[in-house]
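Both complexes shown next keep subunit A, but they swap its partner, so subunit B is in the first and subunit C is in the second.
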Partner chain A sequence: MREVAVIGVGMIRFGRYDKSVWELARDAILEALQDAGVEFKKVEALYSGNMYRTNLSGQQILQQIGLTGIPVVNVVNACATGSTAVREAYLAVAMGLHDIVVAVGSEQMGKMGLLGADAARREESVEGILGSGLMPAIFSTAGVEHMRKYGTTIEQFAKVSVKNHKYGYYNPRSQYRVLLSLEDVLNSRMISYPNTLYMCCPTGDGAAAVVLAPMSRAREFTSKPVKIAASVLTTDPYTDRVFALPDPNTMTRNAAKLAYEQAGVGPEDLDLVELHDCFATAEILHYENLGLCPEGEGGRLIDEGETEIDGRIPVNISGGLLSLGHPIGATGVSKICECVWQLRGEAQTPDRQVPDCKVALAHTIGLASGGACTIHILVR
Partner chain B sequence: MTEAGTTAGEAKKVRPIVPYLKLPEKEGEEAVLVGVRCKACGKAFLGERLVCPACTAINQFEPVTFSRTGELYAYTIVHQSAPGIPVPYISAIIDLPEGVSVRANIVDVEPRPENLKFGMKVEMVTRKVREDSEGNDVIAFFFRPVEG
Partner chain C sequence: MREVAVIGVGMIRFGRYDKSVWELARDAILEALQDAGVEFKKVEALYSGNMYRTNLSGQQILQQIGLTGIPVVNVVNACATGSTAVREAYLAVAMGLHDIVVAVGSEQMGKMGLLGADAARREESVEGILGSGLMPAIFSTAGVEHMRKYGTTIEQFAKVSVKNHKYGYYNPRSQYRVLLSLEDVLNSRMISYPNTLYMCCPTGDGAAAVVLAPMSRAREFTSKPVKIAASVLTTDPYTDRVFALPDPNTMTRNAAKLAYEQAGVGPEDLDLVELHDCFATAEILHYENLGLCPEGEGGRLIDEGETEIDGRIPVNISGGLLSLGHPIGATGVSKICECVWQLRGEAQTPDRQVPDCKVALAHTIGLASGGACTIHILVR
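For the complex of A and B:
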């Protein structure tokens, strides 16, 4: 396997756009190509993640940036769609199949509202009768499970939202740039106990792209290549309640173990973690799943400010899904873009530049009736 | 002879909302959740399967009828859902003593956290939730706290 470098990154601000989703993807790719100093004619393959417009998504994007006839792999893996596309691109370069490749994630959700709500209205649906299988309920129940095991409080979960919105406020690419107090978060309307409105990520439109190359050629393009030290994909293994309560924990733990082994680092070596905070409850679970703190101490970690930018292990300094936004296919790629900017010292405003950032971890999960988890560890 | 799924004296048919809910077929029977247990690894599942998702053993299942009482493992109280779904309601994970967990609504209690104790005993009840397009009553299962 060859060492693989990220040589260019690009991302549009997440939000709501009148442009087509393929134009959004184009804009992200053009920024990434410019960042890498590569023209599209040099790109040997495209890996495209899009969840709602799966079929031929990459080919639609090629129509916007150049019909060069290159191979396209279209990827879908729930909320891990974009990061799975990055992993496919990584593998192609690592295995020597291609040198210069692009991975792009895109999504246009508009004002789609609650995910799965359309399916829930069908006559044969059991939604609301046999409990809830919608995303807020799944991650809220997982949060309540953590409350049961460790006494975690709703205030601790709410602090995650305060923190992530604070950093999102300083990020020009963030969908919701608003500073929130703990009271704002706790007093916003309840969506699914214990997650209130501000503890749930928004839907939106977005796109993000990365350009990868073998490390041996990276300095042809950039003075600041970032090495992909680990790229891991897992699914949810059998656990005892998995069919009743989808399990975001075990697949993340399995992926973290593999990623730390592959990169030859441990959680104590990380300078930044961008993890999948689709709901505030999820971030606390993943503190423990990623080994950032001992079992049951996720609540303490947020209480003591250890995941703030000046804490022991800064988490979601992009603003996270809660503030940056979560246009599904784009999310996993955007986390890798953020890690690259932080590793290069190029976070767009000084208020959110992690000092001396050398090792960063990007984590994404997709979960519904089945799950996918990716972890990438990036090193400068 | 009465048709399956029909109780004596009623012309109207009833059908379960999911295949793993078995409705009473004669007087004195109760609705139960049914499934299979893998003889290779011992894990139990709601409904029928060919291959065990826990250990991959093929077709080594025996049928199981699950208890109507279990314990509350975890829950959420849903305040916002798809249009047309009444809120708030309790979406819960119930552990049954045969080693399977099931997701269901908890009913007959105000949906507030203080009314829900981890490990509390709950029992299954069935209720009509709608009529299907052929006019059959669709029956679903719920759990409610056991008194005392």
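For the complex of A and C:
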């Protein structure tokens, strides 16, 4: 397999738009191509991730730019949709099938949340019958379990939201640029204990894109190629549970193990982690799932500021899903874009640049019905 | 790239079922695994194609069998959805990422036709605004154009339906097993001239699956491995048209050129073609698009019986979409299953076995919004 580089990234500010989602995705692709200095006609294949309107999403995006007859593959994997598109694009370059490949993730959620998207088929699934498959319930249950086992507090979970909103405030692409105090977070409306409103990610519209090329050709396009050192996809193995309840932990642990092996690095080598903080409780869980701290010490990690920008392992300096936003198909790609900007030293404001960032990890997870988890490790 | 073999195939009879689509897909996968003699736990990755319910389709199918944590990628490409899943699975094996990979295509259409599926977004597309993007209109227009240019007759188009229903009658997996006369076809209700009701494919439910492995390991599993000699995906290049109308020809011509190059064969080497006869007019067009006869001679080909089982180049001996059925996500995979059975000499009834079948081509095309076309060439 060939080494693969990210040679260009692009992303619109997440938010709400009157434009069509295909136009949003076009804007992200055009920015990524400009960033790479690659003409559109040089693109050899497109992988497109969009959860609500997957079918022919890539073709409809290309209609906004110009069609050239290239292979287009439209993929979906719940909240790991965009990062699955990146992985498939990575594989196409790694195997030598293509040289210049674009992966794009896009979504327009309107007023529809995750509940709405999934409700239609809820009656057929175990999660639906048990009523436990709603996202706030999954991450509430997991958070309460963490409190029970390890003494983690609601204040510790709330600090995740304070941290992520702080960095999102400095990120011009963030959907919610607002500084929140611990009191703001704790006093906002309770959604599902211990997650208050500000501890739940928003819905929104968004698009992000990456341009990939073999590392051997990357310097034709950029002086700062970023290598994809690992690209991993796992699903839920359902090994040790009687009921088929979505499990936010096992998939991530399995993916992390595989990704660290593939990249030849460990959690101690990471300079930045962009992980899937769909709820504040999720971030604490994933500290442990990704090996950033021992089991049960996630609360301590946030308390001691270790995941701040000047801490031992900065986490979600983009603002994360909580502040940057979570337009589903776009999210996984946006995390990879953020890693690339940080690795290049190009975070948009000085307040947000991780110093001397050399190794970054992007994590995305989609739950329900077996789920999917991706991890990409990027190095400069 | 490694050579890739199909080591197992499975397919339910297309039709209408009260079971969930995930159970139908499970049945197809279990048959394919049994055919390959492969235990489920040996499967290293799943690629799943389903158009109406793409998201997490593969995971929901695996829930019916048992989850093992393997990578699952859900893909969609309109009517080329299932064959896109096969292509992605092929690439995963070809590049050495995995050894044993399953591709599955499934669909449950209920009362919903293609019109229903696409109507929701019709107002945003050029096809929608012009009202010309409905499938019967596209293939009516293309048929009438062929009549005008080459003198092709409605009787010639109708003969396609007579032929395909004849072979479908002998295929136990066919949705409509009924022998039709030329008069039956011509006298059935006119849908969009020149295609009458029996010249349009039905809607239905279905599932089909293939198990792939590197050719170097294929004989561990089967005495009759079938090699995938070409796997190609194209989209509409929109090069020479003012309006962005779906074009049933260009994508297929481009895909055929690439596929013949990749396989190192020409149309004269084919012993069987399973092409995308969504309408009777489409089959005549694709005779020419695939190079089975010179431009304008498609009508002559059917008149002279050259595409019958004992003709020069048998076409759609499965029954084709017109008789076998067209449950969208399943269709592309079913065509590959049929090629494998024919190449192995295992067509289910003697009336349907193509004699000494050595090279077979499976073609699937999805139109609208840029579209997608796949061609696989299989050899024994």
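The rule we apply is simple: the second predicted complex is superposed on the first by the 356 of 380 C-alpha atoms of A that agree within 3 Å, B and C clash if a C-alpha of one lies under 4 Å from a C-alpha of the other, contacts with A are read in each partner's own complex, and residues count from 1 in each chain.
One rule holds in what follows: a contact is a pair of C-beta atoms (placed from the backbone, for glycine too) under 8 Å apart; a residue touches a chain by one contact, two chains touch by 3 or more.
For clarity, every value in this text was computed on a predicted model and none was experimentally measured.
Visitor: Looking at A:Y238 after the superposition, I want to know if it touches subunit B, subunit C, both of them or none. Which is it: first, second, both, neither?
Guide: In the superposed model, A:Y238 contacts both subunit B and subunit C.
Visitor: More residues of subunit A are touched by which chain, subunit B or subunit C?
Guide: Partner touching more subunit A residues in the overlay: C.
Visitor: Touch check for A:E31: first (subunit B), second (subunit C), both, or neither?
Guide: Neither partner.
Visitor: Between subunit B and subunit C, whom does A:E283 touch in the aligned arrangement: first, second, both, or neither?
Guide: It touches nothing on subunit B or subunit C.
Visitor: Please work out whether A:S140 is in contact with subunit B alone, subunit C alone, both, or neither, and reply first, second, both or neither.
Guide: It touches subunit B, and subunit C stays clear.
Visitor: Once the two structures are superposed, pull the subunit A residues common to the subunit B and subunit C interfaces.
Guide: Subunit A residues touching both partners: 117, 121, 126, 238, 244.
Visitor: Within the complex, which stretch of subunit A touches subunit B?
Guide: So the residues of subunit A touching subunit B come out as 114, 116-118, 120-121, 123, 126-134, 136-137, 140-145, 148, 189-194, 238, 240-241, 243-245.
Visitor: In the complex of these two chains, what residues of subunit B are touching subunit A?
Guide: Against subunit A, subunit B makes touches at 17-18, 43, 45-46, 53-54, 73-87, 89, 91-95, 99, 101-105, 113, 118, 129-130, 132-133, 140-141.
Visitor: Note which residues of subunit C are touching subunit A in the complex, please.
Guide: That would be residues 1, 20, 22, 51, 53-56, 58-60, 62-63, 66-78, 81, 84, 88, 91-92, 94-97, 121, 124-125, 233-239, 244, 250-251, 254, 366, 368-372 of subunit C.
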